[in-house]
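For clarity, chains are labelled A, B, C and D in written order, and residue numbers in each chain start from 1.
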Amino acid sequence: MSIVAASPPRENALAALIKHSRYVISENPVTGFAFALFVLIVLAAVLGPHLVPYDPLQSDTSEALKPPNLHHLFGTDQLGRDIFSRVVVATRLDFFIAVASVVLVFVMGGFAGVAAGFFGGWTDRIVGRIADTIMAFPLFVLAMGIVAALGNTVQNIVIATAIVNFPLYARIARAEANVRREAGFVEAARLSGNSDWRILAFQILPNVFPILVVQMSLTMGYAILNAAGLSFIGLGVRPPTPEWGIMVAEGAQFIVSGEWWNAFFPGAALMVAVFCFNLLGDGLRDMVDPRRRT
Amino acid sequence: MTADPALSVEDLSVQFRTRSGVVHALDNVSFSLAKGETLALVGESGSGKSVTAYAVMGILDSAGRVTGGRAMLGDLDLLSATPKQLADVRGRKIAMIFQNPRTALNPIRTVGRQIADMLIRHGGVSRRAAPAHAVEMLRAVGITDPARRAKAYPFEMSGGMCQRVMIAIALAAKPSLLIADEPTTGLDVTTQAVIMDLIGDLASDLGMATIFITHDLALAGQRSSRIVVMHAGHVVENAQTKDLFANPRHPYTAELIAATPDSAQNLDALSAIPGSLPDLRRADLPPCRYSERCPRKVAACAQPLPQAAPGASHIVACWNALPDRAQAAYPPAVSAA
Amino acid sequence: MKRRDLLKSMTALTAAAAVPAPAIWSSAKAQTRQETLLIVSESGPNNLDIHGVGTNVPGYEVSWNCYDRLITHEMKTLPNGTPYYDKTKFKPELAEDMNVGDLSATFKLRKDAAFQDGTPVTAKDVKWSFDRAVTVGGFPTFQMSAGSLTKPEQFVVVDDHTFRVDFLKKDRLTIPDLAVIVPCVINSELVKKNATPQDPWGLEYTKLNTVGSGAYRVTNWTAGSQVVLERNDKWKGGPLPKIKRVIWRIVPDAGNRRALLERGDADVSYDLPNKDFSELKNDGKLTIVSTPYSNGIQYIGMNVQHPPFNDVKVRYAVAYALPYQKIMDVVLYGLGKPMFGAAADTPTEVAWPQPHKFKTDLDKAKKLLAESGASNINVPISFDLGFAGVNQPICELVQESLAQIGITTTINKVPGANWRTELTKKNMPLFTNVFSGWLDYPEYFFYWCYHSGKSIFNTMDYQSLQMDTFIDGARAAAATGNWDSYDKDVKGFVDLAYTDMPRIPLYQPYVNVAMQKDISGYQYWFHRRLDYRTFVKA
Amino acid sequence: MLMMIAKRLGMAIPSLIGVVIVTFLLTRALPGDPAAYFAGPAATPQAIQEIRVKLGLDKPLIEQFGRYVVDLTHGNLGTSLTTGQPVATELRNRLPASAELTLLGLLVSIVIAVPLGILAATKPNSILDHTCRIISTLGVSLPVFFTGLVLVYVFYFLLGWAPPPLGRLDVFYTEPPHVSGFYLIDSLIAGDVPTFIASLKQLVLPALTLGIFSLAPIARMTRASMLAVLSSDFIRTARASGLSSYTVIVTYAFRNAMLPVITTLGMVFSFLLGANVLVEKVFAWPGIGSYAVEALLASDFAPVQGFVLTMAVLYVILNLLIDVLYGLIDPRVRLEA
C-alpha cells in the first residue's frame, strides 16, 4: 500500500495516542474488553481486602463446604472459609507475583539484551550463552528446581519466573538494540559526541522499551500459571495465604466428590486474569507496532 | 474511443480503511483501451497507478474497498463480478506481471511448476503434460537451457530471468490483456530494454492489449500509444502519446515532461516538481488534488473538476489548462459540467 | 444439595448407557479380571526388600506378602466385625512349632516349605536372614533391637529344620518382634549367588527381586507406576490365597482414585482423604472399613529445649488453644478417635493411647500465656507434605487458633522425603506428626516417643530422668511379669506425659479401606498395609 | 546439510555444558540430606556421617562435580534414592511414554491450531478472527493440571467415555513387544489392534490437555505468518494469475507460512515437555516428567540431573530436526547451506 506514504499530520502526542488507541479498540473490540477486565483486576488487587464480606482466613467449621449461596457467593471451602473473599483477596498476591516477576525480568533481560545488542562481542556472547542454557531447560522444570532449591517463598517464585523468562526478553531486546545501533539517529547522536552509555540510555532504551512492554503483558499471564503449577506440586505459596493456583490445586481434590466450587471459582479467576493479560498483550502489540501483530 | 474496447474503466473510486483514517486512494478514475493497444499509466509513486490495476484485477488488499465505478471487460464488470467469475477471468483473459520479479515468484516452488500450475489451471493442459509445456514456455520467453531452468528456484535466478518467468506465467493462457506493473523496476538498464522488447513482441504476436504502469514518462513515451497521467488518485490527463508530449495541457503533465531526463534535453533544464502529494486521508481534500502545488491555481479550482466531453481523445481535468497548441483557436477542450 | 443428586443420577445413567471399555475383553480376560485384585494408591514401593536402604512404607507391603516369617498373629474379630490381628496370640507360618523357654525359643520348620525357585527352606536360611537383619543397619536392625535381637550369635541352626533364638535378656517384645515384617526369611543361597564383595548381603539383588517362600512374588515392578504380583501356587504358610494376581497401580491424584473406585474400575484403595471415606461410607455403594491405628496418635509436638516451648505454661496454653473439635469435624469427618477432653475425674488407665484432659478454652489459654510472660511468639509450624491432606488443614486451623491467643505461626511444608531429615535435626519448634508403633504395647510407644535416648521419634527432644525411669521400669516389669509394678509405671509415664505435655495428642487416626462390594477378606494388621492372602473376590 | 548439522551440534555444546553445571549446582542446593535418607529412620549422627563419606558428599563441591562429570562420560547417571534404580535405565524406560504423549499432544494442537490460524488470517479482524483468538487464548489461560482434572471428571467420571486415568494401558492389556517404546507404533507392528485402540484411548485425554494448552502459540504464529505471506508479492502474483483459491492458500501461501511455524513448534515442544510434568501427574502417566517431579520434591539429585540433561539433549536434537525439516521445505536453506 504505497499510497499512505505521506507523512501523518502533526498532532499533540497524547491526543494522537488516544485517537490511535480508540482506533485499535474499535478495530479490535476484544482489546477493549480486555482493558476493562484489567481495570477490574487492578481494582480488586488494590481494594480487594476492603471489598470482601468475610475475613479470607477466618474458618467457620459449621459452614464448611457449603455450595454457592446468598451468604457465600462462591461457596465455602473445607474449613468453612468464604471462597469469594479468598478469590478477591488473592488478586493482590497473584497480581503482585505477575507484576514483580515481569518487572524483574524486564530489568534483567532488557538490560542484558540491550547491552548484548549494542556492544556486541563478548557481552553478546555471554548473554547469548546464558540465554541458550536457560532455553535448554524445560522451563517449568527449571522454575521448580529454583523454587525447590531456594525455598518455598513468594519471593523465590518471582525470581524463578523471572529467570525462566530471561531468554525471551534478552533476545527481543538484543534484536531491537542491534537494529537501532546502526540507525541514523544513533549515528547522529554518536557523531555529536555522546558516550556509548548516554546513547544507550537516551537513544536505545526508549526505543526498545515499548516492544518489551508488550511482552510484559503476555508474560504476566505466564507468571500466574507458573505459580499455579508450582502450587499444584506443593511448591507454591504458604498456606493459608489465598492464592488462585493453590486454591485450584487444593480444590481439585473436591471435584470428584461434587464440591466443584472449590476449584472452579479460583480457576475461573485465574483464567480470566491470564486471559485478560494475554489479550491485552495482543492489543498493546497492535498499538505499539501494527505490523508486528501475531 | 473504439466501439469495443479491451477494457473500459469508468469512474473507479477506491478507499482504504487504515488505522489512521480513510485514504481516498482513487477518485473517479476513467480510461479505456482498445484491443491490441498499449496504454501507459504514468504517475509518481502513490498516485494510484498500481491501485487502479489491483482494483481491476480484484486483488486489492483487504483494507481496500471499491466505492464506485465499473471496469468492463467485454460484458463482464470486473468490479461486481463474483469471486469465481473473477478467478476464471484472471490469468485467462487478463494477466498481470509485477515489479521486483524475484519476490513476486513463490520462493519455494520451482519455476517450472509455477508455470505448470497456470497451464493446468487455464491452459487445458494435463498434469502429466504440464512440465513439458512449461519448458516450452520458458523457451518462448527466451530462457536458455529451459529444461534445466525449469527445475530451478527463483532465488537461483537473476532478476531478468525471473521477470521472463513471470511473463511466461502471465502469458501461459494467452490472455487478451496484459497489465505490466513497473516490470523493469529493479532490473539493470540493458535487461530493462530486453524485457520491454520481449513484452512488446509477445503482445503484438498474440494481439494482446497492454497496460503498462510506470513512473518513467520517457519509457512510457517509447513503449505506448496512449498515456494516462495520474496524480493523487485522479486521472489528470489522457492523450495519444505523441499528442501528450507535443501538447501537454495539464500543468502536472507539463511539469512531469519537464522533469523527465531525456537525451535530447539539457540536464540543466531538469526541474523538480515542487511540493509533494497531498495527504489522502484528509477530509478536506480539494476537488483538484494538484491545486495545492499548482503554479496555475485559479479561483475556479475550488469547484468540482470539469467533466470530460464524451468521445474526446485528449482529456484534461483542469480549469486552467495550458493552451491547446494544436487547437489554439478553440475554447478549452474541456467544458464545465 | 439437589445438584449433587442430579450429578449422581447422571453418573449412574451414563454408567449404564456408556459402552464400557471392558466390553472388548474376551471371556478369558473377564476370567483374569475375576482373579485379579486391582489396588490403587498414592505412592508405591521404592524397594522390594524391607532390609534395603531407605525402603519406604509401601515397600513393607510387598515384603509382607512375598516373604514368610517364622510366626505370625492369630486373628480376632472387632465388635464391628473387622478381623483384627490378635497381639497376644501367635500361629506358625514357616515354623510348625514354637517352644519358648526361659532364655531361648526353639522353632521347628515346616518340612515341605520351599522358596519360589524350589529350594527347600532350611534353618540355615533363617539364620542368614536374621543375621542380615541385625547387621545391615538402618531400620531393620533398629526394629530387631526393639525385641532385644541384636547379635548374630543369638541365632542358632540346630539342624536343617530346627532353629533357635537365644535371648540376651528377658524381653516381652522378643517374640512379638519375630512376627513383624522385618524378620522375614530369604532364599540365602540365591541371594549369595547374586551378592558382590561391596554388597555382601545382596541388597541390590533383593531390591528388585522377591526371593522368599511367600504367597506372592513380584513379576513386574515399574517404580512410581505399578507393581504386579502373582500368586505362588506352592505356598505352604497357609491356605492358598484366592486372588491369583494383584495389580497395584500408583495414582497420585486422590480425586482420580475416588473416581476409579466409584466407577468400579479399581477394587481397593486405602489412602483416600477422610472426607471421601466418610461420603463413600454414607453412599453405601462400596464397603468401607475403618479401624483405629493400633498404638498410633496424631499430635502437635513442641520442641521443649528451646523457647518459647521450654516453658510448660506456654505448652499448656497451646493445649488449651487447639481447635480439637474443629479438627475432628472438618479434617477427619469423624474418622478418628478423640484423644482430648477427658472428664477431669477420669482415672488414668493402663492402656495406650488414652485421652488427655485438655479441651479448647481460649480464655484459659490466654491466661496461661500471660502468666508465662512469653510474648511476641512467632514460630513456624511444620508438617509432612506427604500427608498434606490431613496435616495442612490441621495446621491451618491450629494457626488460626493460636493467632487468637497471640502466637503467630507461619506454615512450613516439608516435602515427604525431607521430613525424617528434619525430624532428626530436632529443631522444629512446632509441628504436627503421626506416630504409631507396630508392637501394640504402651512402653513400646513411650520408648520410641518419650525416652531421652536417641530415637528420632522423640521429636520434641524431651528429656526427663523420671520419664526414663518409668519407661525402663515398665519394660523390666513386663519382661518378668511383675504386673503390679508394670501398671504403676505405665500410669506413671502416662501421667507424666500429660503433665509435662511436650506433645499434645489430637486423635487416634483410623485406617480406612474402601473396597468394591464383591471384595471381602480384609484384615487389619499392625503394619496397616494390605494382606492380599485373605482377600476374596466374589 | 551435514556441515550444517555438525555446526549446529558444535554450537549446542556450550549450552549443554552450562546445563550440566547449573543442574549440578541447583540439585546441591536442594534441601534434604541424601545421607540421612540412606541412613534410615534410626540413624545416629555418626552413622549419617559415615554414609556421607561413603557417598562422597563430604568432599568439596568441585571434587563432587568432577566425579559427576567422570560418571557422565561413562554414561552413568547415578541411582535414584526414591526408586532405588539406575537413573539411565529408568529414563530409558520412561522416555517413550513421555515422548509418545507429548508428540501426540503436539499433533492434536497442530491439527486444531493451524486451521484456526489460517481461518483467522484469511479474514483478519473479523468475528472469525476474534473467535479464533479467544479460543486459543482461553486454552493457554487455564492451568494445565486443571484442564486435565476437569477432562477426567467429565469424560471419565461423569460420562464414562474415556477409560480410567491409569497410565498408558488398561491393566488387563499386556504391553506390546518393545520396538520403539511407543505403544501405538509397537502394537501396530505386532498387529495387535485391540491394544492399539486401548492405548489410543488412554492417550486421548492427556494429549487433548496438552493440545489445548499449546493451541495459542501455534495458532498465533500460523495467523501471523499466514498474514505476512498472504500480503506478499508472490501471493499477489498467484491471485492475479487466477489460480484457484485452494491452490493459492494451500499450495502457495500455506507451505511458505509453515516455515516460521515449524520454528515455533520447537519452542512449543519444549514448552509442552514442561507442561507434561503436571499432566503426567494428573493421568498417572509413567513418563519422565512425573519421575522428575517426585525426585525433585524428594531432593533426589541423580534423577533430576539425569532428567534435565536428557531434556537438554532432546531439545538440541529437536532443534536440529527442525532445521533439517526447514531445509527440506525451504530450498533456499537446503541449497545455499
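Everything that follows uses one rule, which is that a contact is a pair of C-beta atoms (placed from the backbone, for glycine too) under 8 Å apart; a residue touches a chain by one contact, two chains touch by 3 or more.
Since we're looking at a predicted model, the values are computed, not measured.
*Asks:* If you walk from chain to touching chain, how few steps can bring you from subunit A to subunit C?
*Replies:* The fewest touching-chain steps linking subunit A to subunit C number 1.
*Asks:* Check C-D against B-D and say which one is joined by more contacting C-beta pairs.
*Replies:* Higher contact count goes to C-D.
*Asks:* Can you tell me which chain is nearest the middle of the complex, judged by mean CA position?
*Replies:* D
*Asks:* Taking each chain's centre as the mean of its C-alpha atoms, which one ends up farthest from the centre of subunit A?
*Replies:* If we average the C-alpha coordinates per chain, B ends up farthest from subunit A.
*Asks:* Indicate the whole-number Å distance between the mean C-alpha point of subunit B and the mean C-alpha point of subunit D.
*Replies:* 53
*Asks:* Round to the nearest whole Å and give the separation of the Cα centres of subunit B and subunit C.
*Replies:* 90
*Asks:* When the C-alpha atoms of subunit C and subunit D are each averaged to a single point, how far apart are the two points in Å?
*Replies:* 39
*Asks:* Show the residues in subunit B shared as contacts by 2 or more other chains, in ascending order.
*Replies:* Within subunit B, residues 61 contact more than one other chain.
*Asks:* Two-or-more-chain contact residues of subunit C, please, as numbers and ranges.
*Replies:* Only 7, 253, 255-256, 259, 262, 385, 415 qualify.
*Asks:* I need the residues of subunit D touching at least two other chains; which ones are they?
*Replies:* Answer for subunit D, listing residues that touch two or more other chains: 31, 149, 153, 157, 281, 297, 299.
*Asks:* Name, in rising order, each residue of subunit D that touches subunit B in their complex.
*Replies:* Contacts found on subunit D: 123-124, 231-234, 236-245, 247, 251-252, 255-256, 329-332, 335-336.
*Asks:* Name, in rising order, each residue of subunit C that touches subunit D in their complex.
*Replies:* 7, 10-11, 14-15, 18, 20-22, 24-25, 29, 32-33, 36, 38, 40, 46-47, 52-54, 56, 137-139, 141-142, 207-208, 222-226, 247, 249-253, 255-256, 259-260, 262-263, 265-266, 385, 415-418, 420-421, 424, 454-456
*Asks:* Which of the residues in subunit D come into contact with subunit A in the complex?
*Replies:* Interface residues on subunit D, with respect to subunit A: 12, 14-16, 18-19, 22-23, 26-27, 29-31, 125, 130, 133-134, 137-138, 140-146, 149-150, 153, 157, 216, 220-221, 223-225, 227, 270-271, 273-278, 281, 289, 292-293, 296-297, 299, 304, 307-308, 311-312, 315-316.
*Asks:* So in the complex, the part of subunit B that touches subunit D is made up of which residues?
*Replies:* Touching subunit D from subunit B are residues 54, 57, 59, 61-62, 83, 86-92, 95-96, 98, 100, 103-109, 117-118, 121-122, 153, 155-156, 166, 169-170, 173.
*Asks:* Which part of subunit A faces subunit C closely enough to touch in the complex?
*Replies:* For subunit A paired with subunit C, touching residues are 57-59, 61, 64-65, 67, 78-80, 152, 234, 238-240, 250, 252-258.
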